[in-house]
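Structures incoming, each one as structure tokens.
Here subunit A shows up in two complexes: once beside subunit B, once beside subunit C.
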Partner chain A sequence: MKKKSGSGFRRAVLAVFGDERRQSITIPVFAVVLSLLASAVMLLALGKDPINAFLGMLRGCGIVPKANYAAKTGMLTDFMSFLNVLAPMIFAALAVAVASKTGLFNIGISGQMLFAGFIATVVVGYSDLPAAAALPLVIIIGVTAGALVGGIIGFLKYRFNINEVVSSIMLNYIIQYVVSFFINMYYVDPVSRQSMYISNASRLTITGVEIFGMKADLPLAMLLVPPAIIFAKVLFDRTKIGYEMKSVGLSRNAARYAGMSVGKNMVLSMLVSGALAGLAGVAYYLGYFNSIQPGVLTSVGFDSIAVSILGNYNPVGIFFSSFLITIVSKGSTYMSSSAAIPQEIASIITGLILVVSACTFFIRTKLARMKEREIESRKAAEAATPDEPVPAAEDSKGGER
Partner chain B sequence: MVYFIYTYSQGGVKTGLSEYIVEMRGVTKRFPGIVANDNVSIAIKKGEIYALLGENGAGKSTLMSMLFGLYEPDEGEIYVRGEKVTLESPAAAAKLGIGMVHQHFRLISNYTIAQNIVLGIEPKKRLLGFLPTVDIKKANRDIAELSRRYGLEVDPTQKIEDVGVSMQQRVEILKMLYREAEILIFDEPTAMLTPQEIEFLLKIILELRAGGKTIILITHKLEEIKQVADRCAVLARGKLIGVIDAATTSTREMANMMVGREVETDIDKKPANFGREILKVEGLTVKNDDGLEVVKDVGFSVRAGEIFAVAGVSGNGQIELADAVAGLAKTSGGRIFLDGEEITHASVRDRILAGMSYIPEDRQNVGLVLDFDLAENLALKSYFKEPFCRKGFLNRAAFEEHGNRLIEEYDIRSGQGTHTQVRSMSGGNQQKAIIAREIELESKLMIFVQPTRGLDIGAIENIRRQILAERDAGRAVLLISLELDEIMALADTIGVIYRGQLLKTAPAAELTSRKVGEYMMGVSA
Partner chain C sequence: METFISDGLSFALPLFVIAIGGIYSERSGITNLALEGMLGMGAFVGALAVVLLTNGAFAGEFYLAMLFACLGGALFAVIHAVLCINFRANQVISGVVINILATALAAFLAKLINASVFGQNSNKFQLSTAPTLGTIIPGISGVPVLGKMYVFVPIILVVALIAWFILYKTRFGMHLRACGDNPHAVDAAGGNVARTRFIAVLASGALSGIGGICFAYYIAANFSPSIFMGYGYLSIAALIFGNWRVMPTLAACLLFGFARSGGYAVAKLLALPSTFSNLIMTLPYIVTLLLLVFFSKTNRAPRALGEIYDKGKR
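Up next, the complex of A and B:
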């Protein structure tokens, strides 16, 4: 009896999610909808209006207009500020995706970001270079520094078979405390207890630009987002290196059998991953912020892992998932002040989305198994005689041999 | 066809139950797609050494796993000491005095020998009169005493990680004895031991019998059976072929029983036309991860237009041999030449470019990237060359064109053509794809390992024809197969590998399958 109702449910589920080619879209959408529904239930339980809460987030990000604005500010102000946080998230999530193509888990994005941000801050941020020289230099230094750290992790994996998760977590700590030490010793601002502010010329944000009578901070890092996405997309789909990376990630044995160098590809993917993380680092510390808080790793690096999964490791998917997660995290400030909802709720919503999205693999394998069972039970139904229903399925299968 | 007639020495159901300590009656066990045991009945007397003989996959381990409570039979009954039992777990089996030494030891490497042995049934004492603790001193004493009694000297305080394979096996045996097991199952106990260690182990087994234990020995080594066993049940393809008296049956007869069947083939084979020497292997030695020499001083050569087949029971080094020639396994000695050029230390890629195709045993994990589509898999060995790749960028159109051509030419069936995920394809079509890709490389040497394993008859015929076609096209073919009839049907020259050594190399015409079978079992010298 239970089996019958189960198979009806199974058929319904498979009708919506059964197509593997569409799963890369349907499953993340399902994950997001499910977690937003759960969040809505939670907000209702707290006696808050969920619609209002979600609108509050969108308003805070300059996507939906607020009721009123302070002088010289407007939707554009909020939206530009939103883009400034979005850029590092996209780079970081792309970094996760590149590493994952070769089957590596770069959990050290935050450390790589901090290292790149710190080196760029010290070398360029505290110099007198004009913007025309400083900005390209910030990018180059950020990318190089990130690639260096990523490359070390890849090399340790390749040469000594040290698990990349362990080495990147350890490097996270090392970078976190070493950078903290240098900031506290040499670069600390006694008032803010953070690193001294960098020069405006070296900042990847042009502050206080007036557009349509609204003051806004222009996020320059956003200009690099389309090239980065295209770079990742082309790398994965159109290049020999991408093909080798994917082979290594999907089947190390097959890659070796085909004559590819597994080690070289792992180091290479960690180099590229680190470079993108470095880009995220300078966009974050020398763009959205202009100083570094010592002793703290940004959560962007960790959120980016789930963002990347939610985006199905696809560069375009990552753009949308970054957009979504950043709306929730960035918009929560305004939501909390306007709708009188504690800001922590936003973290819970983010957490919910990320948890559910991290389950996409589970959902996918579950669906695959459902499909198998559906096919099997259909076969069994064909094979079984009228007076001998379902339990004969296994026996009749074995009997064929 | 050759038939063998054997007398069934066991009395079967009608005999008094008390004579047998273990009886399995009509036991059938199915796994998806395969019948591992098909109506097998065996009866084992108390105090005998009962051997289970069969090729890999004959169903020996499955049968014993049911006696040890790892699986439950789909049909049939198990009797222990005359009583019908259901063994739903190893713990239930242990209660009945059944113990098993697995092929792969189950020991905790950073525990001492004594800790490993007593684990689960530790002797306890009360510290300060009330705190229960493990009395490790008593355990050490007990085990030292036990090991002396059975001549299995161990130092109970040594850690497992510090002792060798043979010592670990002793620990496994002591583990059973400490639990007072009466029925001891040994699963391929000599697989990892040196000849001296094997001698010692067999002596121990004889002593255990003298001590009143019943021993079941799973093996495919005939001389061990001859040396220690009282009776021997021969299994093939899940079925019981017969039960023989070890003392009065020759190893040759056992070998024939195990593999003996003359299979006729209806594939036309044109007379061979040998060309120059393409592959030459000299003194090749390969070590496995444990440092054991799995291929020892192997030398042979394959000429253009020749099928050189390596016959052997699984696990005698043939896979490692193929991997070493293909560059996937490190060699620790010897030299390999491809068409006169030494390639002993060449990379896999260089060997492919020098003209080597390889159809690996594990088609799903090695031969294919299952999550790539068919077009990508069909170009797995040529993606870096024109027209697939120009200046580092791939040309998807070339992949498609190449894929479509191969799908057409080799009749590869798939749901969505070149876009089909290879994972979703049937095993036969996956193999077709690999063979298509490897033939398309137009290599001088083609290595086929188990090319027809697990495929249906139609696919098998087709692949065998392709192998012959490649030979007739003047390629050198190295064929490694566990199927004797496949080797007999295809080979021009047969090399029989036994324990990593080429025991016999001769033109196929000079050998019968029975003869090859005997060499495979190490019977003929």
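Up next, the complex of A and C:
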């Protein structure tokens, strides 16, 4: 945005982005549109058709029909599979949001997911419990294991003043290698080189259900999405604990001065965040997949950061941004095979969305300044032609900040 | 014993040069979690220069790679500098965002360039092995540790010495450190906080690039997206442990290096199966966590670290 732009441009920008209350929606949309445009330019430079590429993503997620389907599959098959990845993404993004509201940056989601998934796999997945007992147990174990790792990070921060970013990265690697060691030593499937498949009873997906003649995998974890979103929303909007967490996030000193325990709230927030990440882990490794690939951390944990920032750390916003980022990441597989575009473009789109989202504060201040200048120039114009009526609505700048 | 020392040094010193980069950025007041991305992109550019400009028989390949890695790292660091200084983004978020972007870009571009220039379906750039001191100075090839020492070890020591000198003994270095502790004082004294910080972040990118290409040569003798192994974060841990000072950071890096090579040496001694290498790989990370537990409490981070500089603030 150039400083010396005409007032026509300024008015147009303000008409779209001017309303501060709507900025939490308009700016993320702007970020998405801008990054899609940038990647479209990149695709054009590669000699690929960007529209076809984006359609390919939607087709891969069962939102737009593909040209042809194999027998007994259809849009519903793809869409259910999409929902199956969407669920862990939403949980993971909620986990990022809970930590971020308390001023902590939980970048260890992937590690927490893997740990929870691994423990649940070993304890329940390889047992012969019936589904009625196995499924609740999977969830409970996942949540507990995730909370444990998150809690450790929170505790290290509180007790030893260790930067949570560094400690969670360290734990990510430790978990990744240790889990990979155990899988390779004890649980490896010699054919797939992954961990052995879990029992069907303990899987959070009902596979191969026939609906309208199309085989689909029903993601049970999706059932937990509404409660999780409501939980996060109520926690921060309606409870004392949530209020304290938010206060700690906004200003540690002010919170301490008001008599809140900063340390307790940080540990608590990391426990909740880890628990949600654990839920994401079991939904991913015991739902979408039924085994664990050793030596790899899932990209869901990192994409969830993008989702969370894009959704303004708001549980409802996260639902929509999860949808979008999952379309990009999941749809890229089909896009890459159908249009011969490297799949990595998906992470670039996500990365670009992140870069623009990181500038939200800057965009906001720029817009506020633009608005001031617009009001000034209107006043000047008004002074020149005194009989024109004053546009009253634009004068109040209440609600900013 | 010999491999224990040379492996330890070959791992510790690239880590050290990256950590110095981190020190530059953080002492100027910019939190830099983007070291990981910068080292990867630096290594990418260095390796790219090698595969594009040479055909595998050029003697100065390693130095060429180092030069371009340095430039590439600095260039990539511009993003972090612009986001943090000009766009006043949250520095932690900016750092993580840049790492994600770097991972994506490196994988994408490596695949693309391999496909379009060399017609291969691969995301690797093949490099030769890094030269050792013995091959350069014929006389010492028989000397125990020195003969097999990689050339980058002394190079990094020289770079570190220069970086140390600039940081502590020059006017610019003093300004840089002041920017991290009291930017308003620098402003009042007529210094330019934004410019100093910008240069500091670029320097951290350049130094990370050097470290990155050394890792690429030392660990795999190729560039692949698996360069993103968390070594950037490891060097951040080293500099925190080193209290944002150059010499103690060197000690921390050496500790990491020897923890790792020591682990491998023990595994070899006990003749453990290769699956155990997974456990050994965790050693530097566990050592980091333990050290941080003991040393984080007494640490003094630069006072203005991570704060967005606001001239009008009192």
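To be clear about the criterion, the second predicted complex is superposed on the first by the 343 of 401 C-alpha atoms of A that agree within 3 Å, B and C clash if a C-alpha of one lies under 4 Å from a C-alpha of the other, contacts with A are read in each partner's own complex, and residues count from 1 in each chain.
Note that in this section a contact is a pair of C-beta atoms (placed from the backbone, for glycine too) under 8 Å apart; a residue touches a chain by one contact, two chains touch by 3 or more.
Quick caveat, the model's predicted, so the values are computed rather than measured.
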Subunit B versus subunit C as contact partner of A:S167, first or second or both or neither: second
Partner chain(s) touched by A:F320 [first = subunit B, second = subunit C, both, neither]: neither
Between subunit B and subunit C, more extensive residue contact with subunit A: C
Partner chain in contact with A:G259 - subunit B first, subunit C second, else both or neither: first
Subunit B versus subunit C as contact partner of A:G295, first or second or both or neither: second
Which superposed partner A:F105 touches (first subunit B, second subunit C, both, neither): second
Touching partner for A:A306 - first (subunit B), second (subunit C), both, neither: second
Complex interface listing, subunit A residues touching subunit B: 20, 238-243, 246-247, 250-251, 253-260, 394, 397-398, 401
For the subunit B and subunit A complex, residues of the former touching the latter: 30, 32-35, 74, 326, 328, 347-352, 358, 360, 362, 365-372, 376, 380-381, 383-384, 389, 392-394, 396, 421
Residues of subunit C touching subunit A in the complex: 33, 79, 83, 86-90, 92-94, 96-98, 100-101, 103-105, 107-108, 111-112, 115, 229-230, 233, 236-237, 240, 275-276, 278-279, 281-282, 285-286, 288-289, 292-293, 296-297, 299
Subunit C-facing residues of subunit A, complex: 46, 105, 107, 156, 160-163, 165-167, 169-174, 177-178, 180-181, 184-185, 295, 302, 305-306, 309, 342, 344-345, 347-348, 350-352, 354-355, 357-359, 361-362, 365
